[in-house]
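Below are two complexes that have chain A in common, paired first with chain B and then with chain C.
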Partner chain A sequence: MTLPTRTKRRRTTTGPLVLLLALPGLLFLLLPILAVVPMSFTAGQVVEFPPEEWGLAAYRALFADPRWGQAIVFSLKVSAVAVVLSVVAAGFAAIGLSRLHMRGEALVTAVILAPLAMPVVVLALGTFQFFIQIQINGTLAGIALAHAVLGVPYVFLTVRAALSKLDMALVRSAMSLGAGTLDVLRWVYLPAILPALLSGALLVFVVSFDEVVVSLFLSGPGALTLPVKLLTEVQFNLSPTIMAVSALLLAVVVFAVVLGIVMFGVRRTVYRIAIKE
Partner chain B sequence: MRPVISSNSPAAGSRWAAWAWLLPVAVLYAAGLILPLAITVQNALELGVAGWSELLGNSLFVNAAWNTVADSAQITVIAVTLAYTIAAAIWRCGPVARVCLTTLVVVAFLTTVLVKVVAFNALLRDNGAVNALLMALHVVQEPIHMFPGRPAMVIGMVQFAVPFAIFPILGVMLRLDKRVEQAAESLGASPWRVFLHVVLPLTLPGVVASALLVFVICTGFYVIPATLGTPRDQLLANVVALYALQLIDFKVASAVAMVLVAATGVLTVLYQRAERRIR
Partner chain C sequence: MADHLQSKALVATRRSPSSERDIVVTGLGKHYGAVQVLHDVSFTLRDGEFLTLLGPSGSGKTTSLGVIAGFVEPDQGDVQVAGKSIVSLPPRERNLGIVFQNYALFPHLTVSENVEFGLRMRKVPAAQRSLRSRRMLERVGLAEFAERTPAQLSGGQQQRVALARALIIDPTALLLDEPLGALDRRLRQQVELELKAIQRETGVAVLHVTHDQEEAMVMSDRLAVMRAGRIEQIDTPANVYKYPSTRFVADFLGEANLLDVLVEQSDGRLARVTYADGSCGSVHVAATRGAGGGRQGTVCIRPERLRLALASGSLHNPIEGTLISCLHLGASFRCTVKALGQELVVTLADQAEIVLPEPGEQVWLTWGALDAQLLADES
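After this line comes the complex of A and B, so read on.
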């Protein structure tokens, strides 16, 4: 008796069918986001899709308004500080936990990863109340600190994964050859975890730059991040300028993903994000 | 030469230094997590029994709580279904299509919620593109009122949740053993039967994990309800912000926040259990 040989051909015929079934979902996922781009090229005052008149008026208005520039610069500063704080804190913590096999390790890890499991508004409320008391509410430092707390889990996870592949014999050899802690850090740990630190830093930067809720609670007269400005503007009226900002934000994401694919290949950029989640 | 202590951790003499490694994160978390949470808990408790019973009878709170639960359930069902179709497509397609699809999903995933909200704001208006299209196709005679309102909110939240929902399901699908399917096919099962009796049951744990993940995300939604919904559609996170930023009542705000933490805590524990089963 021969087994049916249709098996392989059946496989590939279900491919197009499944793709067809997925089409509504895919279009729903992408079309709204993509619609932002043509809408940003409205020449008129009103946002519409498709635009009646095409033009760069929205972008010109955007670059002419200093308040948007201020918000972007402030956001960049906050995110930069948050990245530094979270990389240092999470990097040292991951290294420390790998060196010392303590009984409370699971608990410490759970605490470090806690911000991931918590609703952001709870953290926003808490830091808002606490920062008022120590008077760093509405400051760059305050917002950066809160963002750093949100970012630490990401760096911690990537560095911990990198450390699990590091052979501790290398550390021991270095120390037995007389290297002090700083030298061991510089010459053994750092090369091993540098890719993890960089990818963690990039992730924290994205999380911090896009962060809305905490930044909203902690905002002040001189402390307005780009997302918060966008949020307050959207709630008033939808101007083409907002479309221009959104289109630029989208361009940054697409650029980053394409850059990642070109530099690290599809596997590491796209699949790592997809499957790790 | 003295031998180094042959335990897995480096020289025992530096054990004190291990605690120093945790100092930066300890300081950061004390200021940014521990103390803030402590103050929130304290404020929530200071509300007292009277305050709490008043809160539980407060129509604003009850409304928001009900909205959160009902919307989350609805969004979970829709988002997980759409995510399943997309995950199946990514799984089944050839390598080129798979890369394209996954890249598109990742771009949607990384786009900030504000861009999505701006898009829906413009598209779902009474005079927006969606209504214009529906009327042009004669599906409806008058514009459907979606924005601002619950329809726009739910659409926005579903669109936000779908990329998150795809990943757990896709993970399970990619780990499926092809031979089980091939065995079913070689025994004469049609592709539909193979799906219904083999693929679907085996991917169910991923679906459960995905549903719990979406539910957790839904409980925390703030921006989408605030920008796409009416004041009556607000969710619990919006109520927290209302009491904290506008009514300046930290005690009630903290109490509502604690309710959110409790709900999210339970869901997260369930999600981690579901995730462990699919590993």
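After this line comes the complex of A and C, so read on.
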């Protein structure tokens, strides 16, 4: 409990100066993104900043067109499945690796973390080829599976960090009191890694929900995620509706980050988003 | 000799008539890579007894406990309860209560949920669980802390929760892995007595692992001194202190003056030895040494067993020495005397009439046959 006070003190001494230096950079990066919000509230048909006339026409058009709604629902489904798959797979992988002490541990870890380092286009192309072979290209399952692969390293890393702090004497004392393998998972491992699983899940959701490269390769008729739909619309039909979609996406991400801060505190959330980028 | 007989009688009365709950350990061997951590370790943890494995780190005491608990698989040897080998059983089927050094309480569960854990694993109904955990918490004096989490308790309280959690499953024996190591000295002395009281009350057999000799002396019915994977000596604390069998035991448990002697003759109980200055005397012989004379040996004399005199007058077989220093330690004096070509330590109880010699003065040392112990040869 002494750690937070110490970090707080450090922040107050260097904080103002850092903020002053970082502010121009922050504005430069943030303003173009934030400009999307006023641009979506135009009454006209043209994308402009600032809008000549304000209105909700873009949002009306967005909700009138069922294809946007479908894309949003599809994206949510994909992300939800990807979250579940990657949390389960990475959770078990991290626990298994921490307990086995096996010879090829470093190699297995490298394979699990590979999606972080691999060029996404290459990953997307390989997955695309493979999914055509096994005939799941252009399906929800296919895209979700590929997103899960992208998400596994995040969950794996957060869970592994939590496990490194787990006292093995807890496992031993549970076993000595009569706990079997499942009981040990339920009563020792799960409580210890639950926060890591939740924050990992949040990360995977953010990664999956705005993923565009893999989704573009694997998309098909009826299997179009929101970012892919957005990209194709931008190419062929740049309208205020796109700004409205962007503003909504922005709202979702802000919501996720705020949720993260409420659940896990500012420092850890910022840190996790930073390692993601 | 009376000590031997008395202590055996004491332990015998505490034992239940059947030895169904005795844990018999025979010939344990274990190596990690090239390092042999256990050599032929054998002992019996008798029902109701408090047995301590005492030794420095790396002596194999924790590994021995691990083998009995089922966390370490031995290369050789067997562990039996009621005549049945338990060495291939998983830990959860051994029914042993274990208290770890850092207590290993489940941090997300309340105190009562921690205590109930073993019963939950045994599918005991909730009503009965909470009744028994409340009773157990009352026994360790923590009834009002039942709904707290472990993090809200002090070290001593956590330790008692760990004890309650281990006792509630009615274990064949309680295994304590340096459970007092994390407590400060004053608290430790209090907990030693509490632990001993609870053990006496419940009658459960305890196997305790520690490197703290004082802890071992205070709590144990018997103690086994371990060194480099072997048991050097196993006996009551008093006997191990009074009649150490090896140089290591003599040094590890308390302070010892070690004298090189020539053994003239020995019947295995008493021996006649010649000291460095040519004087002769009788000494007690370590049980593991055996009879026979005509070879070198080492005699151990505790500092409080040496008697110091200013004149040789009526003394029997006195040894001459020169006083080097005398320190006042409160309850006693600790004097260093140069005699027999080495420095010997003598402790004297502080008394009103005591007359201490000055450094450089000539003094005389004497001791009786039962004050000196001829040690076994080094292996």
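Please note the rule applied: the second predicted complex is superposed on the first by the 238 of 277 C-alpha atoms of A that agree within 3 Å, B and C clash if a C-alpha of one lies under 4 Å from a C-alpha of the other, contacts with A are read in each partner's own complex, and residues count from 1 in each chain.
Note that a contact is a pair of C-beta atoms (placed from the backbone, for glycine too) under 8 Å apart; a residue touches a chain by one contact, two chains touch by 3 or more.
Quick caveat, the model's predicted, so the values are computed rather than measured.
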| item | value |
| --- | --- |
| Which superposed partner A:176 touches (first chain B, second chain C, both, neither) | both |
| A:63 touches, of chain B and chain C: first, second, both or neither? | neither |
| Which superposed partner A:191 touches (first chain B, second chain C, both, neither) | second |
| Partner chain in contact with A:54 - chain B first, chain C second, else both or neither | neither |
| Contacts of A:255 with chain B and chain C, given as first, second, both or neither | neither |
| Chain C versus chain B, contacts on chain A by residue | B |
| Which superposed partner A:167 touches (first chain B, second chain C, both, neither) | second |
| Chain A residues contacted in one complex by chain B, in the other by chain C | 172, 175-176 |
| Interface residues, chain A side, partner chain C - complex | 167, 169-170, 172-180, 183, 187-188, 191-192 |
| Chain A partner contacts - residues on chain B that touch it in the complex | 4, 8-11, 14-15, 17-25, 27-29, 31-33, 35-37, 39-40, 43, 82-83, 85-86, 88-89, 92-94, 97, 99, 101-123, 128-129, 158-159, 162-164, 166-168, 170-171, 174, 182, 185-186, 188, 191, 219-220, 222-223, 226-227, 237, 240-241, 244-245, 250, 253-254, 257, 260-261, 264-265, 268 |
| Chain B-facing residues of chain A, complex | 3-4, 7, 10, 13-15, 18-19, 21-22, 24-26, 28-30, 32-33, 35-36, 39, 47-50, 85-86, 88-90, 92-93, 95-97, 99-102, 108, 111-112, 114-115, 117-131, 133, 145-146, 148-149, 152, 168, 171-172, 175-176, 181, 206, 210, 212-213, 216-217, 227, 230-231, 234-235, 238, 242-243, 246, 249-250, 253-254, 256-257, 261, 266, 269-271, 273-275, 277 |
| Chain C residues touching chain A - in the complex, by the definition given at the top | 69-71, 90-92, 94, 96-98, 100-102, 104, 106-109, 117-118, 121-122, 162, 165-166, 169 |
